[in-house]
Amino acid sequence: MNEENKDLIRTIKQNFTKLSKGQKLIAQFIMDNYDKAAFMTASKLGDKVGVSESTVVRFAGALGFDGYPKLQKSLQELIKTKLTTVQRVEMSQDYSSDFEVLNKILKSDIDNIRNTLEDINPKAFEDVIDKIASAKKIYIVGLRTSSAIADYLGFYLNLILDNVVLVNYGISDVFEQIIKVSEEDLVIGISFPRYSKKTYEILEFAKKQGATIVALTDSHISPIATLSDNTLLAKSNMASFVDSLVAPLSLINALIVALGMREKDKIKGYFDKLEHVWKDFNIYEEQA
Amino acid sequence: MNEENKDLIRTIKQNFTKLSKGQKLIAQFIMDNYDKAAFMTASKLGDKVGVSESTVVRFAGALGFDGYPKLQKSLQELIKTKLTTVQRVEMSQDYSSDFEVLNKILKSDIDNIRNTLEDINPKAFEDVIDKIASAKKIYIVGLRTSSAIADYLGFYLNLILDNVVLVNYGISDVFEQIIKVSEEDLVIGISFPRYSKKTYEILEFAKKQGATIVALTDSHISPIATLSDNTLLAKSNMASFVDSLVAPLSLINALIVALGMREKDKIKGYFDKLEHVWKDFNIYEEQA
Amino acid sequence: MNEENKDLIRTIKQNFTKLSKGQKLIAQFIMDNYDKAAFMTASKLGDKVGVSESTVVRFAGALGFDGYPKLQKSLQELIKTKLTTVQRVEMSQDYSSDFEVLNKILKSDIDNIRNTLEDINPKAFEDVIDKIASAKKIYIVGLRTSSAIADYLGFYLNLILDNVVLVNYGISDVFEQIIKVSEEDLVIGISFPRYSKKTYEILEFAKKQGATIVALTDSHISPIATLSDNTLLAKSNMASFVDSLVAPLSLINALIVALGMREKDKIKGYFDKLEHVWKDFNIYEEQA
Amino acid sequence: MNEENKDLIRTIKQNFTKLSKGQKLIAQFIMDNYDKAAFMTASKLGDKVGVSESTVVRFAGALGFDGYPKLQKSLQELIKTKLTTVQRVEMSQDYSSDFEVLNKILKSDIDNIRNTLEDINPKAFEDVIDKIASAKKIYIVGLRTSSAIADYLGFYLNLILDNVVLVNYGISDVFEQIIKVSEEDLVIGISFPRYSKKTYEILEFAKKQGATIVALTDSHISPIATLSDNTLLAKSNMASFVDSLVAPLSLINALIVALGMREKDKIKGYFDKLEHVWKDFNIYEEQA
C-alpha cells in the first residue's frame, strides 16, 4: 500500500472533528463501507448518506483532494489490498457494550449474505456446479483464515465425490500437492482480504498447467479473480479488525447442497455405509 | 435413535399424498422446522401455518398418534440427536434449479443469524467475554465439522491473547492436550448436530477437573449444554443434509470483536509487529 | 494387563537386592530384554547371561514361580501389551550422566536396526514392494507416535506414486477417509507398542472390505499382525519410557528406496519438475 | 548450485569407464561419501580407499581439475546445499535385488548412528538438556520431512513439560506462532538437507528477538548451525534420493530420555493420570 492510501484513513480520522455534520456522515459511511463508497458517484454517495452532492464534493476538498474523482480513485486503490490490521483496529468503532458489538456484527453478516445473494450471477453458480461434477480431479486451495472454510468444503465434497484433493500445509509443501494438476482438472481457490500471496501463486501455477480455475473471493478485482474462469463473489465486509467469512460459508453450503441434489441416490447409499461405521465406532452421541 | 422416531419422518412422507391441503402445510412446516415445531402447542402450530388447532389435532391422528401431545413428544425426541444423514437426504426438498438451492440456503442462513440474535441472552454473551478475559488458560474444543470454526476462533484468540490452547487431533490424542486443565481454566466447547461424542467426553473430563465450561451449541438440551456454566446458542438449521455453521461463525466473529475491543491498545502494538513480519516474509499480496 | 503381570516387574525389583550375583544378571537381562527373554528356554537364557540353567530355574523359584515355564508364560503375557508408562519409568535404569543416556540409547538403536536386519524375511520385504507397485490405491495408517513415521512414508510415496492416501486425523474422522477401500487396494498399517486401538479397528474394517493388509509392527503376536497378509517386523525396544521408532524408520527408508529404484525414470522426470517449483518458490536454501 | 558443481557429479559419471581401477575406487568412494571426502587430504583419501596419494592427484587431473585442492574445494561447495533430487536419483547405485537395498540402507543407518555417537560433543548434549530444563518457553521448529521428527520430539516434551510449543503449519502461519518469543525462551531448530529456507528464517527471527537457539542438524556449516548457541550433529547420509532421519531420531530419543530422567517423579505422577484417561477412553489395546 502506498503512502497516499495509508494517509487517506489517517486523514479522515485526523480531520473528523473539524468536519460539518453532513461531512461526518459521509466520513462514517466511508469508514464502514469503503469498498462500496469506492464505486459510487458523488451524487449516489450523497443520496445514500442523505446529504447533497455538493456536500460530498466539499468533503473531498476538506480532506485535501482536488475534486471527488481523486478521492474516489484513492478509495479504489485502498480496497485492492484492504487495510492493515493496525489501521482496522484504529478505524474500529467504539461500542457502548458487548451486546452492541454482537448486534452490529450479526446484522452486518445478515447484510453480507443478502448482498451476496443480490449480486451473484446465477449462471456462474450453475456453471461452477457443472464444472465440479465433470472435472477429473478437484483441488481446493484456501490458506490462512480461508483454510477454515476450505476444510469445510473439502470435508463435504469428499463425502459426495471420489476425486477431491484438499491442498493444505503438512509435511509436504502446498506445491507438491498440486504438482500433478492437468487441464482436465478443476481448482477452486478461496481467497479473501487480506489476500494470501501463496494462494495466488498456487492458482497461477495451476493455470499454467492448463487447469480450470474457479475463484471464490470478494471482488472482481481481487488477485485470484484475475486468474479465474469463473468467479463467485461473497461479501466479507466487517467494520472491525476481522474479515467475515460468514457469507462465503453460506455460499459454500449452497455449493454443497446443489451438488448433493444432483447425486442424491449416490450419496444416500454412501451415507448409509457411513452411518453404520459411525454407529459401530461411536462417533456421535446416541439418543438415551 | 429408536424405531418410533425413524418411523415418524417415514410416516409423514408415506402419508403425504393422502393428507388434506391444510395437513400438507403442517407436514411441510414440520419437515422444514421440526426443531421449532417440537416446542409449539397445537394452537401455536396452527397459527404459524394458518390452519385451525383442530386441523393440527386431526393431522396427529392421521399419522397414527393418540393425540397431539404424543406427536409433539416424538418430535422432541427426534431433535435430540437430529436425523441421520440418510433421512436428511430423503427429506431434502427437490429444487427446480441450482439457483433455487442458492436462494433457499442463503435465505435460510439469514434466518439462522436473525433468530440467533433474537434469542440470545445478552448477559450470557457478556459473561462469556468476562470469563475469556479473566481465565488462566483458555481451551477451545471443536471436532469434526465444528473444528473448522474452532480453528478460526483459535486463530484470532491466539492473536489477541497469550494463553489459548486449540485442542485438536494430531500426533497426540485430544485428551493429552487437555489433561493439565484446572479450575482456573476456561474450556469453550463447540458442538452442533450431529453432536460429536468425543467433544462431550472431553468437556465432561474438563468439568471433573473443575474447569469452567462455556458451550457454543444449538439448543439448551444439546449434550454439552448440560455440562456448561454458560451456553451461547446459535441456530444451525438447514433443510438439507448439511447443518449450517453460518450463524455460529457469525457469533464467533462477535466474540472476537468484543474481546478485541477490550484489548484495543494491546492488539494494536501486537498487530504492528505482525505487519512487519508479514511484510518481511511476503505473506500477503501487496498493492502494485 | 492382569494383576499377575504387573506384579512380575514389581516382584523382580522388590527382590533384586536379595538375589545372588548370577540371579541379578538374569534379572537385569530380563528387565532390559523382556521381549526376547519371553521366548528363551531356561538353558538359552542361562547361556546368554553367562550362568547355568539351574541358576535360571532357581531364579524363577526365588520370584515365587512354580518352575521356569510359569515365569516364561508370565513374560509372554507381559509383552502382549507391553508395560504401562508408569512401570516403564519405574523400570528405567538410573544413569550416572546425560552422556551415559546418550551412549546407551544410540547403542540400543544400533542393536534395534541390526536385529531387524537379521530377523527380516527377505521374501516378505520383496512381496510388500510388489504389492505397493501393483495396488490400485495405497492407504497408510499410523496413529499416535507412529503417525510421525507414517507421515514420512506418505510424503515419499506421494512423490513416487499417484495413488497414495495418508489416513490421519483432521476435520474428517479416520474411518471416513478409508470408507471407499476395496479389494484392489493395499493398506499399510504401522503400529508399535503401546498399540493404538483405533489403528487396529481401521485395519479390521479394511480387511472386511477385502483389502490386502501389510503390517509394519514389532512382533508376530502384535494386534495388527493377526490381521495382515504380510508382516514386516522392526524392533522398537528401549530400556526406558519411550519406544524407539528408529529401526522402523530405517525399514521405511529401505521401502522408499527399493520402490524408487523400480520407478527410477518416472521419478527422475517428476523430481525435475519439482526442482523447478522448489526453485521458483524458494523452498530450499540456495548456495551463496 | 552453480554450474561447476553440477558438472562435478556429471563429470565423474561420464568419465567413470575411462578411469583406472584405483581411480574407480576413489570415484565410488566420493559418490558414496562426498560429504566426508570433501574434508580429506589427498593422502587421507588415498589411505581410506587403499590407493596412493599420487593416484588421488592423478584422479583430480583426469576429471580436469588443476590439482587436488581444486577438486576438494568443488566437493566442499557441493555439500553446502547437497545435491538435487534428480542428481541423487542419477547417482543412486543400481541394486541387484530389493533385499540388497534393505541390507545397504539398514547398514548405512547403523553407520549414521555410530558416527553420530563418535562425533558428538558430550558437553553440548548436556548443555542442551540444561537449557531445555531451564527455559521459560521451548519452541520446536522443523518443517518438511524434519516435521516428522519435530512432531515426535514435541509429543514427548509436551508429556514431560508444561511450556512447549510445536511450531508448524496450520491456519496460522509459522511466524505468528513464534512472534511472542523472547530472550528467556529456547528455540530448537531441526534442519537436514535439503535445508528448508523457512526454518532458517524462523530461527533468524527468533535470534533477533534474543532467544537461545539450539540447532539439530547434520553439519557445522549447515545454514541453521551458523545461528545457534549449541549445535547437536546427527548424520543423515544415504547413498540414495532420500536423506535419512534415523540418526537424528535416535538422538531425539536420547534427548527425551535424558530429560525424563531429571523429572522422574514428576512424570510418574503425570503418566499415572494419563494411564487412567487412556484406559477410560480406550486409547490402547488391552490384553485379552
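Labels A, B, C and D are assigned to the chains in the order they are written; within every chain, residues are numbered from 1.
Going forward, a residue touches a chain if its C-beta (ideal position, glycine included) is under 8 Å from a C-beta of that chain, and two chains touch if they have at least 3 such contacts.
Note that the structure is predicted; figures quoted are calculated from it, not measured.
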item: Type of subunit C:subunit D copy interface by residue overlap (half), same or different; value: same
item: Higher-contact pair (C-beta pairs counted), A-C versus A-D; value: A-C
item: Geometric centre distance via CA averages, subunit D-subunit C, whole Å; value: 23
item: Euclidean distance of C-alpha centroids - subunit A vs subunit C, Å; value: 47
item: Geometric centre distance via CA averages, subunit D-subunit A, whole Å; value: 42
item: Where subunit A touches two or more other chains at once, by residue number; value: 144-145, 147-148, 151-152, 155, 170-173, 274, 283
item: Contacting residues of subunit D [partner subunit B, same complex]; value: 151-152, 154-155, 158-159, 162, 170-173, 175-176, 179-180, 201, 205, 270, 273-274, 277-278, 281, 283
item: Interface residues, subunit D side, partner subunit A - complex; value: 144-145, 147-148, 168-173
item: Of all residues in subunit B, those that touch subunit A in their complex; value: 1-2, 5, 77, 80-81, 84-86, 89-90, 92, 94-95, 97-99, 101-103, 105-107, 109-110, 113-114, 116-117, 120, 122, 125-126, 129, 144-145, 147-149, 151-152, 155-156, 194-198, 200, 223, 238, 240-242, 244-246, 249-251, 253-254, 256-258, 260-261, 264, 267-268, 271-272, 274-275, 282-288
